[in-house]
Every structure is written in structure tokens, then in C-alpha cells.
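In what comes next, subunit A is part of two complexes: it sits with subunit B in the first one and with subunit C in the second one.
Coming up: the complex of A and B.
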């Protein structure tokens, strides 16, 4: 193995592998360094992988990649203690090619993706921790690994080392994340026969559904819970802002257990046997937390760059795009033979011009809005449940009277003015 | 900030033995801890909340006999303790390459 490559990628997640794959296809010599036993061994995701961004790299990947289920239905629940207002969307179209998104197990998918990279000429080194970047004359020239004589050199280093991103922090690209800039998510895989899953979720054989849950599932903390169907497992998890988990002294696994015991959830997961338990941080800082992305001989991609759209639970797709755009900039730099920050800056420009940054910018205040206005989760969700409960419970009261009672109750808790203000604030944060 | 839990966790009476969850995972524990409490006197004297004993999703940190015990072998490597230790008193790094939790699914 040479000790100098065109590019070193730190981290075999989807961002790093996307970058590596693209660069290798253009003939660059690339090494990916992964600290787990195999790619995916350390990677945790709720489980939704998006077709469009994966296909840009590997056309018709769904014919060969290890996927769980194509998602044909996305449900949303506004949950209260004993009830939920539910909505969602299901379409036949997502059940056929080219599909919209899939549930996946990252350990399986990432190993497959890594094999595709190897076929394209990438060298993958597992079980190896990158401890620092090697600097020379104010530029990154390589990485120091935990192995004896483990220094590796390259023209450019791609930092795809995940949400904790110790390396870009070492380089001073960002300060330590604040507890309110990350969510702490815990998740379990519950094993169930595939027919049982299909019956309970009303699915055709092989098809999948996702449920995003807001409200009682986080007991008032800013965050969401989720239930995703895999072939023979259900992923169930809950994520909340680390700042709030800490302040309110919540044990995250107790929150998960509360969710599992909720009357809306319990029948869906009944007799599901827990087979694995996870915890992971999710970048939630959004647009304002995006660190410096480009330096001399170095770029930052994926979770390490805080590229997660919490409002739409999108992350793996943003990771893949950032990896691909970084690779394209590196390929251009390779052609002119210079890898300074200005040569790599097209990565940042193209990312800013893509939907990635546009979406993150759109929602840049959303997480903060929920954080400082707990009423959205704690008052409006129960109120919506109660309003529907009242309208739909047939008890002899006229609908007119019911409406009046609902409005009266709403206004007894809040003035019309403050209600209006909340609506306006929400609209402003989402528009 | 003025937010609170909508329910009293204690009243919900959820008893979890975290070991039953951690037991499900595949582990390759290192000999040495990758999590180090920098100054134990800070935990004892300056940290009344002992927040890490609550928010850590693997219950790595426990207050025992007047000091924080660190069960690094069950660490899920999320990084929460590094960011959320109110005293900045945890030196956090990843386990050495090939060590620590190795997820099979997710």
C-alpha cells in the first residue's frame, strides 16, 4: 500500500463513501479509514435512505443493495396521553421503481456501499482510528492513525467523521457543539415476523411505512419519536435536545420505554423482541451551526458539517450530496494540481446553491422556536386532540355547542392575541 | 428556559435495567477507558446535579461511594457526556480502532 494517496476519507458513513466512490470513479487513489470493525459498525440512523441522492452515485442501486423496505406510507402523529391525531400519505407510486426512499440497516448498507467503493478502486482500512490531521505549513497533508507507523499522506483529506467530528474541531473549524445544537436519540430494533409487520401496518408484502410522532412521545421536550418498519424488525426511537434532557434529568431509555408502553404504540410493537439498542447524537444546530467547510487540503462533509434537516428527518441524503459535491471539487482541484482552500471552495459554493443549504436556511429558526415556545408541543397538541375528541364523540351535544366549547376553552387559556402571535411565529419559521 | 416535563417520570414508574439493553449489543471492550473524569473533586464538590448519571443513554456514569464510577465498557460512543457535562470535566475520545460497540443492524 502506498503511503501517499490523492485523497484520504475519514469515516465510512454515507458521506465519506459517497465522496470516495466518486473520486475513485474519476481515477483518483483514495483510502477510507474507518474505526469500526466494518463500515456501519458505528453508524446509527433512524433508517430512511433516499433514492434520488443514492441513485446519482449508483444508478438502480435498489436492484442490488441490501435494503429493508421501500417506504410507501409516511404517517404523522400528534400524540397526547391516550390519543393521537393522525395524518399521513400513502401512494402506490412509492411502491414501484424508481421509489422514493427505503428503510435500511446501515451496517448492511454501508458494507455494501464500501464494497462498491472497493470495486471502484478505493482502499478501505477498518479498525483504525484517525487521531489527528497532520499539518504542514498551514495545510492538512495527511492523518495520524492509532496504528504503529500509522501516518498516511494525501493531497486532500475529507473529514466524514460524523457528528462528534473531533477532527474538524481540532482544526478550529467549529467550537464544541452546545447541548442545544444536538439531539440525543436512542433506538431499539424489535424483531417480529414480516407478515405480522405487514398486517399491523397495513402493508403489501415487502413494503414499508414510517411514523413520525410529536407531542406526548417526548413528554414536552423538543424532539420527535419514530417507528420505522424493516423486513423483520421495527425500529423505534426517540430523540430530544440534549440541553433539555440534561436540564430535566430524563433518562433517555426511560423515555423510549414510555413510548413503547403508550396505548397508541403498544399494539404495533406487541411481542417485538428487542435485539439491539443504540444511542447517537443528531446534529440539530441547523444552518447557523454549519462549521467552516473548506481549508487548505481539507473539506468537511455529512454530519460533521451539521448537515441535517431535523424538520424533515433528512440526513443521509444531505450527507451523500455533500460527499459527492466535495468529491467533484476535489476532482477539479486534482486537474489543476492544487488543493488549497480556494481550489476546493467550489464544494462550498455548490452546496450553498443546492437544496441542502436552501432547506437548512429555510428552517434555520424552527428548532429554536420550539425550544423557546414549549406551548407548540405541550399545549397545542393536547388541545388539537381534545378538540377532535369533542367533535367526534357523539354524546347528544350539538356540533354548534361543541365548537363553541372548544373555542371557549382555547381562549380561556390564551388570548386571541397570543394565539395569533404563535401562529404568526410558526408561519415565519416554516415559510 | 421555562420548559418542564408534561409528566412526572417518577410517577410513570418505569423501571429499566439498562444492562438488559446493553446485553443485546456486540462489544469489544478495550482494556483502558476512553472516558476519563478529569478531576473527581469537581464532581464531588461542584456538581450537585450529577447530570451525567441521568442523561447518559448507557448509564455509564454512576455516583457510588462518593465518586463517579465510569463503566466505559458499555459506552455507546454517542458523545453526549463530552458536550453536556456541565463542568466540562469529562475527557472523551473514541475507543481505539476496532474496539467498543459494534452494531450489527441499525
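Coming up: the complex of A and C.
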């Protein structure tokens, strides 16, 4: 008689581990199946972990989890080829408990999170690929792994198998993602002494900063770049829609090299020794790409459910919430002893009522707008840089004359009407 | 048949770095793995168990984290695992380690005596190949090192016949059991563990024995019991390409003498 569990979770990322942890706490028997050598071995993100959603699972996790730095400042750059318009926000409050977010290394954090799961009673199997779901009478009853005697049965299967989610595709929950529904992100970790990092980023010891970069960081492709501070490393990366990478035939490492050699970026990362290189796909389809989330005996969470807010670089937090909400629905279903789609549907309802879906809905047209209207990145950001350049360069011209010149130039390139149209479109996509 | 396998958790030497300032191994930079030769030892033991019946017990000495290495052995088909772990063991060289492991084997085999003991031919972090033979000597049993094939096992006659790898060719040796065998990688191909074995391993918790459980003599273990001490670890400096002189004999000899004397002058 093969083992039977209450729940099988496919994938030990933060979505899968969140679901497993919650279910095990409620006494369900849970197994997590991970294809990497260990949890986190294959998991990549820029590196920001949000406190609130992690704390809902593990109170005061920051006292024991392997974190890099609490983020006390978030900066935003609108970058042109030789300049940048910068803004940001820094607060003392984020340097104190309970903090806002942290930079982390996923390979470390996920291993720690997995250990918490094991302590809660979760069984974790590594180095094992789930090839398909086992179906009986139109419902998922288990999974088939690539190992000998590899079938495993459970009342419910949680698909947390990441951005490509072959399993939910096999179930017909979504089609293969189109290249405009995923982004390709590449990043590097550059090693630098912590004092150097703190000096360059104007940080108190142990504190961290993030920089999100828009504009001339992506060789004209729709995407964003980022620089995050870790204890003794700087993470630097860039993500662009896969469709654009393909269309414009840019190699991912060229994007990263361009960013690293940019005059605005170079001084921050000087002498940083590259120690790791990562590349990963990021769900970017947003609200419209969210697949079917619930079936008979099965739910989909995290990246597999396209739950990433590209505009605010949020993903791990949405993953954790979806994992937790899925677990709560499964626990309810467990109490009534039925795991049909209708019993699991509170997961989807609660997700829709949470900020997760509300935020994704709000920005449902944003990346598409940028893709079909490259002028936002390619014209307006340089124009903003130019405007400030003129305003702030002291050359004997009066400020009034400067203003006139700026407006005149803006209108010489675009009619007032098309400018107004772009503003309206942007407002509509962001409202 | 009761087969013991000694395993060691080692840093993955393909990823280990040496700290150039302190000249020590930076173990934190490398993931811990089971010594590759030892996995083949476990595989061979499990194959013999499958053929002749009995059980396979794995023993490791190391920190608590070595539990992971033992779990891997369970996934490979071992029945039981024992971790010998104690602060007093820290700093043991090969002599002390063989002492502790020999005591561990005697403890584990109190009720069920061993027929065979397997070890990897050496650990990839130290490359000494001394612990296996040390255990055999302490237990007073024959040792068969660098074994690349076990051609026959006869449990009734208590005899085993193996091929030992030599620099050129191999040697066929017969020994009485119980004996200790250290294995080469080519002895077998590791299996792809079945899912039930993976599940068993994930849930398995090995027994842990300390110095008191083993009645170990404090003077025989740890730094006190270790005559070897590591004075320095360093990365060998890269040697530049040699200079090749060619041409007429007399000229080349003169060039060589001039070259050598100027180098000598530089060094003085």
C-alpha cells in the first residue's frame, strides 16, 4: 500500500512552503516534493522579502531567519544615458521592529523556511521531479514522480511548481505562456566589504537600501533594473519582457553588462567581485493571465498562478499569501472531508478579496501599455532628464526663459494632443 | 548478513575555497555532501543485502549536520544509521577517528556481529585513505583496499573474493570474513532511489552516540588522541611556463649557464 498524505505540495518555494507550513500546523500530513538538490536551490528573486506576509506565518521570524539587511530606503531612478532623475524615501521606522522588508538570499532563506516546515511535521523530498498529476474520475488524486515506485497519493495536491507550471498546463488550467506574459530576469551578486556598501549607499551598519531603475537600463526594452544591498554583496539585475528580448535579439548578459557599466551605476558597484550569476523567468502576465486556480483535488499558488506585481516588484509576498489562503481552504475542506473544486473555492474567493488580486487588477494593463507604447520609457524619461538638466544648469538664462524652452521643445516633438493622450492612457492603466 | 558502512560528510571540494589570509578551508562556502566513494560503499552493501539478506547499518562520525549524510544513505537503501557526535571528538586525526569508529562499530554490533565493513577508498577532503585500514587494524580483521569489483561472496564458507585496483592492472584476492573493504567508484553505479526509500529517509532520525556511550578513552580521541597536526593549508602557487632554449649546443649551454647564474644572483 503506497503512502497516502492529506496534501502533496509540488515545489519548495515560498508559496509551497507557506502552504505546507500552515497545513502541518493544523495537523494535516503534508509532503513537499522539490526537484532541486534542496529547497531554494533553484529559486531566484531580486531579493526583497516582505515582513508582513512572512510574519502572518511565522511571528517575529526576523529574530531567527537568515536575512541580509532590513530595507530602510527605497530609491527610484529615471535614468537616461548619462544622467538620472532620482527620488526615494528613507525612514528610521523601517530600521526598527517590526521592519517593512528585508533583502534575502533565497537559497538561505528557503532552506531555513523548509527547516521550520520540517519541525512542524512536513516531510520534504528533494531531487525529485513530479511528472504529472494522477487523475481518477475527473479529479486529481496524487502525483507521479520520476522515481521508481514513484506514485504518491493525497486528498489534495497544491501546485507550487513555479512560473512554467507544467502541471497546471497539463491539467488545462492555462496555455503555454506567451513571450509577453513572462519576463526574463538576469542578476549577479557582487561581493564587497559591508563597510564599503554602507558608505556607498549612505547606510547605518546592517541597514539596507534598494534602487529601482526605469529608463536607460534596459537598452530600450520594456523592463526595469534593480540594485539591492545585502550584507556583503550587492545584487544587481535587470528584467525585460521575453517578447522584447526575442524581438530585438538582445542577449541577457549584454543587458546586465550595459547596466553595470552605466555611469550612474558604476561607482556603486566598483570593485565588486561577481560571485553568482542567475537567470530566471518571472510571471508578468498579471491579472489577465491568472489561470484557473482551483480544480477537483487541486489548487495552484504563487508564480504558477502568475501572482506577481511587476509594477511594484512584489512576488514573494503574493506567493506566501496565496499559499496561506490555499492552506486555509484545504484545512476547511479537510474538516468536512471533501476536496472537490467547490470545497476548495474559498481559496479563490479569499484571494480575490485580498489586496493580491486588487493590486493585480489595478495594473492589469500596465505592462502591455509599456510594450505597445515604448515612448514612456524611450522618450519621456530622457525628456524629464533633459528638463531638469536645463532647469538646474546655471548658465545665465532666466528660469522663465528656461521653462519656455523646455515646454517648447516638448511640444516640438509631440503635439499637445498626443501628450495629453499618453497622460490619459497612463492614468487609466494606473488608476 | 550484517554489513557496516562507514561514511563521512565532506564539503563539496569542487566548490570549496581556501581563505588566503588565514590559510584555512572556508567550509561555509561549500555545500556538504556525502563523500562520493562512501555512496558507492553503501550501494555495494545494499546490493549484497538484496542478494543474501540481512541488513545494512551506516555509521558516521561528525557534527550534527552529518545527519543529512546518513539520511542520504537511508535513501540509498541502508536500514539503519548511527551518528557518533561529541565535542570531545572534534579535532580528531585519522588515528583518533579510526578509534572512535571502531568503538562505534563494536557498539552497533553488540547484538548482531558484522560480516563485512565497507568504507570509501578515501575522503575527498583529506585524501588520506587511512581511516578504513585503521579500523581494520583496531578490530583485528583483514583489509582489502581499492576494491573495484567483488567477484564472489560465500556466506557459508565465510569467504569473499575481490579485484583490487593496482597502478597497472588489478589483483584478485580472497579473504576470510569478517573483513573490511574500501571501494573505488567503479565498483558500481549508484541507484536512483525509489520514492518509498526517499520518504523513509526524509522521516528517518539516526541514533546519536557520544563519547560516554562508547566508553571512549579521552586520551585517544580529539586533539589529545591525534599525533597529526596541520601546520598550514595553502593553494599551490601556479608555476609559470618553463623557458625552452634551442639552437646550437655550445650557444644553448652558454645561455643556460648565464640564465642560471643571473637567477641565482637575483635570489641572493
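Worth pointing out:
Operating definition for what follows: the second predicted complex is superposed on the first by the 429 of 431 C-alpha atoms of A that agree within 3 Å, B and C clash if a C-alpha of one lies under 4 Å from a C-alpha of the other, contacts with A are read in each partner's own complex, and residues count from 1 in each chain.
As a working rule, contacts are C-beta pairs under 8 Å (C-beta built on N, C-alpha and C of every residue); 3 or more make two chains touch, one makes a residue touch a chain.
The shown structure was predicted, so the numbers you read here are calculated from the model rather than taken from an experiment.
By the touch criterion stated above, A:120 is placed in contact with neither subunit B nor subunit C.
Counted by residues of subunit A touched, the larger count belongs to B, out of subunit B and subunit C. In the superposition on chain A, A:105 makes contact with subunit B only, not with subunit C. By the touch criterion defined above, A:371 reaches subunit B but does not reach subunit C. Looking at the shared chain after the overlay, A:128 reaches both subunit B and subunit C. When the two structures are aligned on the shared chain, A:246 is found in touch with subunit B, with no touch to subunit C.
Once the two complexes are overlaid on the shared chain, A:254 sits against subunit B while remaining clear of subunit C. In the superposition on chain A, contact is made by A:31 with subunit C only, not with subunit B.
By the touch criterion defined above, A:148 lies against subunit C but remains apart from subunit B after alignment on the C-alpha atoms of chain A.
In the three-chain superposition model, subunit A touches both subunit B and subunit C at residues 37-38, 128, 145, 147. Taken together, the subunit B residues at the contact with subunit A in this complex read 1-7, 9, 12, 14, 16, 18, 21-22, 24-25, 28, 49, 51, 54-55, 57-59, 76-80, 82-84, 86, 93-98, 100-106. Within the complex, the subunit C residues that touch subunit A are 31, 192-196, 198-199, 202-203.
Subunit A meets subunit C in the complex at residues 2-3, 31, 37-38, 123-125, 128, 145, 147-152. Touching subunit B in their complex are the following residues of subunit A: 35-38, 40-45, 47, 81, 105-108, 126-129, 145-147, 163-164, 166, 176-179, 182, 184, 186-189, 216, 219-222, 233, 242-246, 248-254, 257-258, 261, 274-281, 371-372, 374, 378.
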